[in-house]
């Protein structure tokens, strides 16, 4: 462990803003890349199911 | 039956190349605006810089290599859409694809015609802009030669974008998006050559790099251009 | 004629989730004239584009003189002439210049016959007028003049008679009949009734969908 | 294409969307676990345990996220171009879908590399953006991604769009080394390099080991995200085939 206390860990010798900001951006982009396809998948399956039902009703 | 034989006359690649080149040049000369508009644009963009930034001679001389090169690049970009557009719209491109000729040669000839009607006049006109932007006389040679080689590379790369977007109703802005990133090396070495000429450094290295890019472009770009055109027409 | 000129086996094509044709099969012999019929949007143009090689968006096989067409593309192309929706005529060039360009890129078109061909389509006197000052019908005639100066075996014509007047149509029909009589083949789509062409093989894309 | 029997069997299996959907479904959990473990371990290690740089101090920790994203953005472009070429040559639909799925992931990772690089520039050079050779190349890479995505968006027909985008990404792939070289050359011409962000002489083990863990984690994560998008694409484009219908109704 390079840091003695939590506040030191957060401050990072004055570089805390930069370090935490870039990690926040990085992690949010990673999470976005997970959430977005999952969300798309849900929408897609919902749409396709609706279409299928419509087709079945039409027959 | 004897009349209906095929291949009544073989067409050599050289004949094909010159036929396409001649026709495209003839078309440009019939429609003068195609020929003149990029030149006027070139001149206007270069005029914007002293007006927009500063008319200070030392400053202008500093930025002149970059400004002339960027203006030439934009003027080329503007004329790209025309390489295949009218041929696509009136069905000529279909006929070219359905002729038993290598599409690559036709594409290379069309790019050559495009360069002769845009890049070549731009390069020849560039000393005028050089004077307006206080570029030292000693750098004029470098400016013209770097533009002569560089604009051909720009036409080659640009034709790939033009081929890819010719099937789209509005391809104009899209071409810029596709092509501009690919233009960056040409811009760097082209304006680098002019800057070296300003500083009195030897030019050969830069021109050799531009020439290498040209050689690579002439070999590889026709492959990509013909593939792009084929995809757009037969898609 | 033992070997059919063109043989189509089990052709399938769909556009925008709609099947245009499925299991389409026919042969075209030398000296045969074939008319593709069907309602608007039934895939006539698509079929002609596929046959000419302008579209690869299909499944199935097409044979040219008994060989897969993809394997002998150059030979097929040099003995085929395609006439599409767009006339492929440059407004900035004169009819003669347009045809010279076509004869420069297509080996089956001969340059010496340009003037005679323009005469045959009724454009005598317009040889040196820029095409943009000609009418739409005259522009199509310029393109059709290619039929009068070629030695191609197969003609694929998509609506060749659009915007052509009655007398012109009759002359074209006669010319098609002559090509067929000389052992050439024609595939075309048209809304005209072909009256003076001799025997016509018909393929109806609407009926095909029904079966 | 007929006649090319020299390719291994799995290559053709891969060409089947259904097979591909099933195999990615099996691989996904493994990749997800690996990605989460590696990334969490790497993050903690990089943030708390790795030693600070003697020159840059703690801002050096940004490297552990900047470098993996920069590497991944470039590999992703390469994969996109190669998948596109495979789709173009062998007419394999799944390869087209892989290329299509690569574009948005690669673009977002390139944005990450740019953002972290810019933020890193502030404590290091004192400004939010510096025309550093690596950052400039990354910016151009982002432009290349954007061009490919714009081309996909502009074309209605999926097969045409896939072919066109493949040609474009192949052209881009040929250009990337030229762009990198030219930008590096331009950089040395205009600002003699005093201090580059990452090219340090011999990083000690306790610095590069967490970096390695992060890089591996990024690759695994890329696999997860790619497979998720690929599976969506497979379902979307194969929506009329029997097995997708069954899949939808069984849910």
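Lettered A, B, C and D in written order, each chain numbered from 1.
By definition in this document, a contact is a pair of C-beta atoms (placed from the backbone, for glycine too) under 8 Å apart; a residue touches a chain by one contact, two chains touch by 3 or more.
These figures come from a predicted structure and were not determined experimentally.
With centres taken as mean CA coordinates, the chain nearest to the overall protein centre is B. Of all chains, A has its CA centroid at the greatest distance from the CA centroid of chain B.
Chain centres here are Cα averages; for chain A and chain C they lie 56 Å apart. Here the CA centre of chain B is 36 Å from the CA centre of chain C.
Taking the mean of the C-alpha atoms as each chain's centre, chain A and chain B sit 44 Å apart.
One simple way to say how far apart two chains are is to compare their mean CA positions; for chain A and chain D this gives 17 Å. Of all residues in chain A, none touches two or more other chains. In chain B, the residues that reach two or more other chains under the touch definition are 235.
Shown for chain D are the residues that touch two or more other chains, namely 159. Listing the residues of chain A that touch chain D in their complex gives 1-3, 9, 12-13, 15-16, 18-19, 21-23, 25-27, 29-30, 32-34, 37-38, 40-41, 44-45, 48-49, 51-52.
Listing the residues of chain B that touch chain C in their complex gives 1, 3-11, 15-16, 19-20, 23, 26-27, 30-31, 86, 89-92, 94-101, 106, 233-235.
Put simply, chain D touches chain B in their complex at residues 88, 140, 143-144, 146-147, 150-151, 154-155, 157, 159-160, 163-164, 167-168, 170-172, 174-175, 178-179, 181-183, 185-186, 189. Residues 39, 43, 47-52, 57-59, 61-62, 65-66, 69, 105, 108-109, 111-112, 115-116, 119-120, 122-123, 221, 224-225, 228-229, 231-232, 235-236, 239, 244-245, 248-249, 251 of chain D are the ones touching chain A in the complex. Here chain C touches chain B in the complex through residues 52-57, 73-75, 77-80, 82, 84-93, 97, 101-102, 104-108, 110, 130, 151-153, 182-184, going by the rule given at the top.
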